Every structure is written in C-alpha cells, then in structure tokens.
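Next up: the structures, one after another.
Shared between the two complexes below is subunit A, which pairs with subunit B and subunit C, respectively.
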Partner chain A sequence: MTRIFGSLRDGRGFDTVLVFMALGYLLVFSAFPLIYNIVMSTQSVDLFSLASFDRPFVGLDNYREVLSTPEANLIFWNTVKFVVLSIVFQLSIGFGLAMFFNQDFPGASFLRGLFLAGWIMPALVVGAVWSWILAGDFGVLNYVLSSLGVIEEHIFWLSDPDMSLYAVIIANIWLGVPFNMLLLSVGLAGIPKDVYEAAEMDGANAIRRFFTITLPLMRAQLGAVISLGIIFTLQQFDLFAALTQGGPSNASNVFQYWSWQLSFQTYEIGLGSVVSVLMIVFVIFVAAIYVRSTRHEHAM
Partner chain B sequence: MTFSKTLASATALGCAAFPFGAVAQDVTLDLWTIDDPGEYHYVMADEFMEANPDVKINVRTVQFEDMVNDLARGIAANDAPDITYIDNPEVALFASRGLLLDLKPYIEASDVVNEADIFPGPLSSVSYDGGIYGIPRGANTIALYYNADMYRDAGLDPDDPPQTWDELYEAAKVLTKPEDNVYGIAFSAVGTEEGTFQFLPWLQMTGGDYDNVDTEGGAEALTLWKMLIDEKLASPDTLIRGQWDSTGTFNAGSAAMSISGPWELPRMSQEADFDFRAALLPIPEEGAERASALGEGDNVILANSDNPDEAFKFIEFLYANMDRVWNEFGYLPASDVEVVDPAYPEIYAVFEESMKYARNRGPHPEWPKISKAIQTAIQYSLTGQASPEDALATAQSQIDRVLGK
Partner chain C sequence: MKRYILLAIGLVLVGIYLFPLYWMYITALKGGTEIFAFPPTFWPRDPMFTAVDVWHRLQMDSYIWNSLVIALGVTVIVMVVGTGCAYVLARVRNRWMDVVLFTVLMMQVLPSSLMITPIFVSFNQMGLLEYPRLAVVLAQAAKVLPLYIVLCRATFVQVPNELEEAALVDGNSRVGAFLTIIVPLARNGILVTSVLVFLQSFGEYVYSRSLIAERSLQPATVGLQSFMGPNSSDWSGVMTYSAIYVTPILIIFVLLQRRIVSGLTSGALK
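On to the complex of A and B.
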C-alpha cells in the first residue's frame, strides 16, 4: 500500500497519473464535445430535447438544409472575408509595430505596453466603444472624417449593408493587433543582434536585411501567429453581438454568429451544430498547419 | 431545501431525476426574473416574505435574452426555478412541451384571480390548448411619443398629432432638420424580436397577421418604413438599433417622434427636458382598424415545482397588486383595475386606450422561427435587397412551412 502511494508521489506512478489526467482532460473537454457536436449535427434537436435521448437521427438532412438556405453562400464569403482581411491587417500592422518598438528609443517598452490595453479589454466592452466610434449619426469616426473633408455625407458604418462587415473587421483588427505585436516582438528579440551587424558590414540595406534575415528567422513565429490568429478570428463572436448582430439582413453575418443564431435564437440546434462542424473541419486544417510550424521550431 | 437543490444538480449530471420533497416546514421558492434588485420582482418578493414569514423566496436575475436558454438548461439539469418570468410569445413554446403548470384549476379555486378580469390580449398570450399557463405580470404596448416643442417650432399643432400613415410621413418630413441633426422619427427595425414587435401592428392594421404577411397592406407598411429611412426622415441606424437606443435619440432631442412603449417613461422623465406627449399609433387611413403590439411577460410556474401551492400564492399576491404597476414600475395593468392618481395622466390615457387594440404575437410554439422570417423580410426590403412584395412572399413561404400549411 505504501509502495503504491510512494510511487504515486514521486515515482513512475506519478508520471502515469499525470499522463492520464491530461488524456482524461482532453477526452472530457475536447473529444467528447467535438463528437457530441458531430452527432447532434445529424439529429433533429431543439432546446428541450437537448438533454433527453428523444432525438431522431436525420442523417445528412441538416447539412442539406443549412447549405440550401439562401443566406449560406453570403455568410460563407463573409466569413472568408472576415478572416482573411482581419489576419492580413492584424499581422502586417502587428509586425510593423513589433519592429518599430524593437528599435532602441526612450519609452519604447512603455508605449508597447500601452498597446496591450486593447487586448486585455473584454470584447463586449470593445464592441460598445466601437459602436460609439462607428455610429452613423454621432460617431467619432464620421466626425473626424468629415472635419478632415474626406467624406461629405455620413457613412452608416454599421447599418449600411455594403459597410457593416468592414466595420466589424476594423474593430477586430484593432482588437487583434496587440496580440500579433506581442508574439512577434518576442520572436524579434530572439534574433541575435550580431547577425544584423555582420550583414550591415557586408553592405546589406534595411530592406535586404528584412528579407534575408528577419523574415526567414521569424518563419516559425509567423506561422504560429497566423494559425492562432485564424482560430481567434473564427472564435470572434462578441463584436458581432455588440456591433451589428449580423445585420442588416446578414450583411455582416459570419459562420460563428450564424451558428449561435440558429441554435439559440430559433432553437434549431441541429442546424447550428452543422455550421460548427463545418468550422471544426476548417480549424483542424489550420491546426495542422500550426502543429507543423511549431515542429519546425523544435527542429531548429 | 438548498441542500437538496445542490444534490439535485449534482445528480443531474448522471441524468438521474430523483424526487425530492420538502425537508423542512418552511418553504423556499426559487424565482427567476429579468429585473434587477430594487425592481418589481425583488420589491414584491420582499413584501410577500414580510407578509408570509414561513415562505422564503430566492430571487435571481437572468438577462432577458438568456432567459429561454437558461431555463432550458435549468430544466435539463433539474435545477429550474419554481416561478419564472418569460416573455409572452414564449409561453406557447414552453407550454407545448409540458414544462409549465396549468394554472386553470388554481384560478378557478382562487378568490383573488378572476379570469374574466384579465384583458383578452394578455389572457390569450398565456392560453395554450385550453389551459392557462401563466398570469400576465402587466401589459405593454406601443404608441407614438412626440416632442411638442419641436411641433410648435415647425409650425405643427401639438394638440393634433398624426392620425394616419400619410400624416405621419408628412409630419416626419416637416420635423426633419438635417442641419441640426434632427430626424423626424425614431423606431426600431432591428433584426431581432424587437423588429417583429414593432412591425406587426402595422401589418395587423391592414388586416394581415403573423400567418398572413404577404399582403398588400404589409407591402405598403414596409414601403412607408423604407421611405422614412431612404429619405433620411429616420436614421439608417434604425436597422440595427433596438427600441431603447432609438428612444434614447428622441430623449436627446435628435428625433422629433419615437415609437415605443411605457417602459421608456421613467428614463424619459429624467432625460428629456422638453414637453413630451404620446398619441395612438397612426392608422393606414381614416376609419381603418386599429392595432398595437402587446408586450410584457408572464409569471409562470414550472410543471415540476415542488411547491406549486405556495408558488401560486405568490403569483396571486402579484396579481392583487396590479393597480400599482403603472406608477411604480412603468408598465400597464393587464387586468381591469383602477389606477389611483396615475403618473403622466395624459400619456397613461393614451396607453390605456392603445391597450384595447394590443394584439398578440402568435401564439405559436414555433414563434421564434416565424418571427425570424418577419425580421428577415423587414431587413431585406429596407436595405433594398428585395422589394417589399418579394421579401414578404419569401417570409410567407417560410412561415407556411413552420405552420405546416
């Protein structure tokens, strides 16, 4: 008996327990919901049959129904635009800022710290702030743009169907830049200074140094930041809830918000599950890229 | 009781529905509400506990949008409250699944609640399949608020607010002052239940209803709404703003009229420093039928409550205090009671009158899907992505499918 406890405390038993705890955690909190979700996507489920077993299987009917709704196409492309534009701008702005603050100048780290304010704010608060900035009639952004003479008439960022998706994207870019900047700063700090010094002595200019030193050495970080960014962007829900609620007429709706609407507004949980299964497939693909990019990092 | 609740939720993980009786003499009731401390349910629960020391009421605040989901979760986990407040279109949803206690036998035996005193609109919102599944907490409806000062400035007669849709449009036109950032009217066409709530009366005034939306009158109503927005007589943000935010612009003097309900009065009396008045919703033309929306929710008892008798006693108590709701809590009585010395007597008279025309949403157990179809039609036609006729035809086919036609 003591031997067993001894082994649990400091021997091989302890390792085994740790492994099983991690495995158990993954099974209960990752694998089970994932599979449960896939199962639900093939069943006819509503809010009240959610906890019972009275849920008839309907095969792929839910998939057919979701994909045949007239808005599915629009929402799919909105999701693609949302992810691609968010990532491109978050990454380039974040990378630019990271390089800027990597220079030695007084107050650099303090200013960098300020950027984190956006990141630690809850997204719903960010949403409320941005809804004031973007409001059509009295919004700050319209005020600034019209005093600068850029626009003559107010832009209804949130309620114009041609603008509303971009309005959410702008807010999301702002929200994601600090995260990108932080992770990329860590990577930049890890590049030895003497490599640059040697290159400079060899006569390489700043642009050349960026493409031959910075970019290749940052490959792993960039891969990780892009994949995490895609996952975070696909998770972004609060901004839609706070700014446009997917409207007007689905103009700013994306898969993650649509899934919630189907599940919890009209209680078609089977259909909501279908949308999230489609998203899971995509996230698995992205996760694979992430795993590859971090493996590359270990190899170095 | 608290112990058994904890145990119940613990065992619920194993899906074991184990019957727990009351273990103590004293009875504890769980009450969920959308009110915050200091508001209606909290005040009433305190008064009730004072009068009935053997009953304890645990009040918990749930966000309005989360109520249905939280209840469904609570019911699944065997952790649902005894009494709860739900929005009136949701009564049919819960009743159709046997989750609510039928109060009919209780009402028949009651000395306090008299079915005949409850107004027909609120009564039909709690009726389902021959039973009565809740008692209206109060009632709400919408009307046209207007800024009488702006009326005078614009040369309109503040004692003669618009009666018809045409007059409303003309008034909005005269009142709109883009140079001062003032819109003629504020309302809500948001893509949620609130949008349906605001639009339905317009449809009903022309003879349509939730099951008959593809009508000429419906298209006319949407065309008018579209004109208001296209001509900037109402803010384009009407499409994404709820009623509370829309009326906020009225209170701030940025809109001359606003369509909303009596729940706005407490805030309006603080924020609006002008002569605000109310009028009935305009009708399509002289002599047309009137309609208004019916809002507010109901107090219901869950079917698996351990203490249905005490729970009903509490609901009786709420009902007996119906004459206080206007003055203290900002909504209308749902039954035939006399309000002594009403606050804002003229506005109260308008809403009281409007209440006579207030009609239900549904009732239908699949209401959220029907409502969604209507919201979609509103949004597609107001953004110009579909004509009002096409948008309503699409909504009709979706609604027909829900109704099994």
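On to the complex of A and C.
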C-alpha cells in the first residue's frame, strides 16, 4: 500500500495518474460516443427507442437508406465544393498575406496579429454579421459590387439556390484566412534570408525565386495547413446555422449539417448516425495522415 | 520610404479584412430607417445607442450568464484534467507516450456536429439531460481538452528539466515539485491557453443548441440564433446583440494578442 502511494508521489505512478486523468476523460466523453455512434448506425433508433437499450438491429439498412435518398448526391457534391473552394481561397489568400506581412516594415507583426480578431469571434456571430452583409436588398456587399460595376442586379445570396452555398463559402473563407496566414508565416520566417540573396545574385527574378525556393521549402508547412484546413472546414456548423440552414431545399446543405438535421429536426437518429460515421471516418483518415507527417518531421 | 508604402498597404489590407467587424458596430448604431437605406451609409447620420434597450428587451443577462457558466465550467475541468497530462507528455518520451499523444490528437479532430448525436442519446440514457448546462460543459470540455493539452505541452517543453531535478534533490516529492516549481514556471502558457479555451467555449453553439431545451438555461449563441429567425428584420437589434456579445472577447484578444499568436504557432506545429 505504501509502495503504491510512494510511487504515486515520487515515481512513475505520478506520471501514469496524470496521463490517465485526461485520457480517461477523453475515452468516456469522446471515444465512447464515437463507438456508440457506430453501434447506433446499425440500429433502428427513433424518438420512441431513444431511451431504451434494446433497439432492433438492422445491419446496413440505415446506410442503404441514407445513400439512396435523393438529396444525398447533392449534399455530397456540396460538401466537396465547400471544402475544396474554402481551402483553395483560404490558402491562397492566407499565403499572399503571409508573404506580404513577412516583409520588413513597421508594425508588420502587430497588423498581422489583428487578423486573428476574426478567428477568435464565435462563428455564429460571424454568421450573423455576414448574413447582414450578404442580405439581398440592403446588403452592403451588393452595394459595393454594383457600384464597382461587377453586377447589374442584386444577388440574393442567401435565398437563391445557385448562390447560397457560395454565401457560406465566402463567410468560411473569411473565418479561415487568419489561421492559414499565421501558420504559413511561421514557415516563411524559417526560410533563411541568404538563400534568397544567393538566388538574387544568380539572377533569379521574384517569380522564379517563389517557385524554386519558397514553394519547395514550404512543402511540409503547406501539407499541414491543407490537412488542418480540411479538418476545420468539415467541422464548420455554426455558419450554416446562422446563414442558410442548409436551404433553400438543401442547395447549401453539407454532410455535417445534414447529420444534425436528421437527428435533431426529423429525429431519424439512426440515419443521422450513419452520416456522422461516414464523415468521422474521413476526418480521422485525414488527421492520421497529418499527424504522421508532422511526427516524422519532428523526429528528424 | 518603401517601408512606409508597405505599412500603408498593410493598413488597407487589415481594414478590408476587418470591415465586417466595423459594419457590425456601425449597424448597431444606426436607427430603424437608416438601416434599410440604399445606398447604405458608411457612417451613421444620427447614431443611436440602443445597447441598454437591446440588453433588456432580449434578456441578454440570462444568456450571457449561461455562456459564462458554461465557459467557466469547461475551463476549470480542462485545466484540472489537462495540465498534468500536458506536462507528462512534454517530459516523458517513450512509445506509450507517443500512443497517448496520437490518441489525443485524434480526439481533437472529431467535429462537434457529428459527435452530438451519440452524445445526446447516451447523455439522455444516463439522465444527464436533467442538467443540461452540465451536459454541455462535459461535452465541450472533451472537445477542447486535446487543444489545451497540445498547446500546454509546448509550454512545458520550454521549462528546463534541471529545475525539477534540483527540487527533487532538495527533497521535494514529484507532486511537490510539479505544483511548486513546474506549474508556476509554465503559468503564462497555461493562462493564455485557458483563455483560448474559455473564449472557444464562450462561443459554443452546437452542443448548447442540441442539449439545452429550456430558454432560461441557453447561452448567448443560441439566444442570438433564435432571435435572428428566418423573417427577422430587426438587423439593428441583431448587430447590437452581436456587438455586446463580442466586444469583451475582442478586448481580451487585443490585450493578449501577442501571447495568443505565439502560443498558437508554437503549439500547432510541434
């Protein structure tokens, strides 16, 4: 007894306890729901069987049902579009800003830090502000675009089925740019200056320097930012809730919002679990690649 | 000279990026008819300060209070459970710790909106939904705990090992050395990370929306969402609500900006 107690105070027992406090918490509140989710996706779960443990096992019926619904295809492509467009723009804008603020001028790092003000705001509030900016009749974005001569008629960003997904994407790009810029700045700052000076002496112009030095040296960083971007984009829920709620008629719906709608609006909890399982498997796959690549880099 | 041109361009870029924030504050100050003026005015013609009215009309005191309760609860749980784990992960390096770190990182990526279905059903079965705010605190703590561990770990890595060894030679126990030497040295990192966790939880939405049915227990995000509604035309009210809600967040951010930026960059990439 005293030995165990002594080990807790002085030996490896102390480390073990500390680790298991956190690990235990995560196992109970994250890993268990994860497994429970898989179980529920093979059961028939509705409002009546919600509280009981004895639910009929239906095998892969839920999976078949979800995948054969007419909206599944649309929502799948929406999710792909949402992720790809968000990441392309977040990354390129973030990269451009990171390069700009990497130059030497007064207040550069302070101004760069200000961008994080967007990132720190609750996404639901960001959604509320953007839904006012994007409003069809009185929105300031329509005003700016039409006074610049880009558009002739007002765009009804949130209620036009052709535009609503792009409305959410615009807000999501805004939300994600600071994080991309911040991570890429760290990478840029790590490139030694004399590499550029040597290239300049050899007569490489700015564009060449970008493609032969900056991009190759940033490869690991870009990989990390892209995988983190995919993970964060697939976590985005609040913007959909605040802007379009997946509408009109699923035109802006994505899997992570659809899953919630199935479970909490139509109470088809078994179907909601199926969508969750499919998405979580994908997210974990991306994350595993990311974590493995950063560990590898760390070991070197 | 070139440096000042760059500074000017930098200011313009920040201005464009932060325009939505400006627009929120400006709209909050506009009166009923001016809101719907087209072309919109970029400076309120006659500013009206409606914060007090909105605060009372929308019962924001209860919403903000619930947000505070939830965010504080999450922060306390995460600090108590996560600090030690972050420390051990920074100190001990063996295959088991790699497994633990991998598990923690994997738990970080689970999207709330996809975890809420099993959490709702299992919490319902355990009777936790009787205490909806506690349910949200428990679920949200699991969501942000990995982030806390990863960022705090980066702080503990920077605390020199020798100080702990010296304390042990002087007759301190591991517990004593951890609490009196290590934690105080890592204080700043722990505090900044906790503030980040607090702010994240202060803006939590999915869990609260799904687990809290009773209006008087809902936090400010859910309150804002229900107030916006599909046919709301009270944009001045929505923006005033938003402004009241995020101003404290922005103040904390500006005060801690430097530390938050360095904490994020050291944690996210190591």
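Everything below uses one rule, namely that the second predicted complex is superposed on the first by the 270 of 300 C-alpha atoms of A that agree within 3 Å, B and C clash if a C-alpha of one lies under 4 Å from a C-alpha of the other, contacts with A are read in each partner's own complex, and residues count from 1 in each chain.
The rule we apply is simple: contacts are C-beta pairs under 8 Å (C-beta built on N, C-alpha and C of every residue); 3 or more make two chains touch, one makes a residue touch a chain.
The model shown is predicted, which means the values in this text are computed figures rather than measured ones.
Taken together in the superposed arrangement on subunit A, subunit B and subunit C clash. By the document's definition of touching, of the two partners only subunit B reaches A:Leu47; subunit C does not.
In the superposition on chain A, contact of A:Ala22 is made with subunit C only, not with subunit B. Look at A:Pro192: by the touch rule set out above, it reaches neither subunit B nor subunit C.
In the superposition on chain A, A:Ile280 makes contact with subunit C only, not with subunit B. Legend: residue contacts after superposition of the two complexes on their common chain; A:Ser249 is shown touching subunit B, with no touch to subunit C.
In the superposed model, A:Asp137 lies in contact with both subunit B and subunit C.
Once the two complexes are overlaid on the shared chain, A:Phe264 sits against subunit B and subunit C alike.
Taking subunit A as the reference chain, the count of touched residues is higher for C when subunit B and subunit C are set side by side. After superposing the two complexes on chain A, the stretch of subunit B that clashes with subunit C is 237-245, out of 21-29, 129-137, 201-209 or 237-245. Shared interface residues of subunit A, touching subunit B in one complex and subunit C in the other, are 50-51, 135, 137-138, 245, 264.
Touching subunit A in their complex are the following residues of subunit C: 2-4, 6-7, 9-11, 13-14, 17-18, 20-21, 23-24, 27, 35-40, 77, 80-82, 84-85, 87-89, 91-92, 97-98, 100, 102-122, 124-125, 138-139, 141-143, 145-146, 149, 173-175, 178, 199, 202-206, 209-210, 221, 224-225, 228, 230, 235, 238-239, 242, 245-246, 249-250, 253-254, 257-258, 260-261, 264-265, 268-270. Interface of subunit B with subunit A (complex): residues 15, 68-69, 72, 75-77, 97, 99, 181, 183, 190-192, 235-240, 249, 254, 368-369, 372, 376, 379-380, 382-383, 385.
Interface residues of subunit A, counted against subunit B in their complex, comprise 47-48, 50-52, 135-138, 156, 158-161, 164, 243-251, 264-268. The residues of subunit A lying in touch with subunit C in their complex are 8-11, 14-15, 17-19, 21-23, 25-26, 28-34, 36-37, 40, 45, 50-51, 53, 97, 100-101, 103-108, 110-118, 120-126, 128-133, 135, 137-138, 140, 143, 147, 174, 177, 182-183, 185-186, 221, 224, 228, 231, 234-235, 237-238, 241-242, 245, 256-257, 259-260, 263-264, 269, 272-273, 275-276, 279-280, 283-284, 286-288, 291, 294-295, 298.
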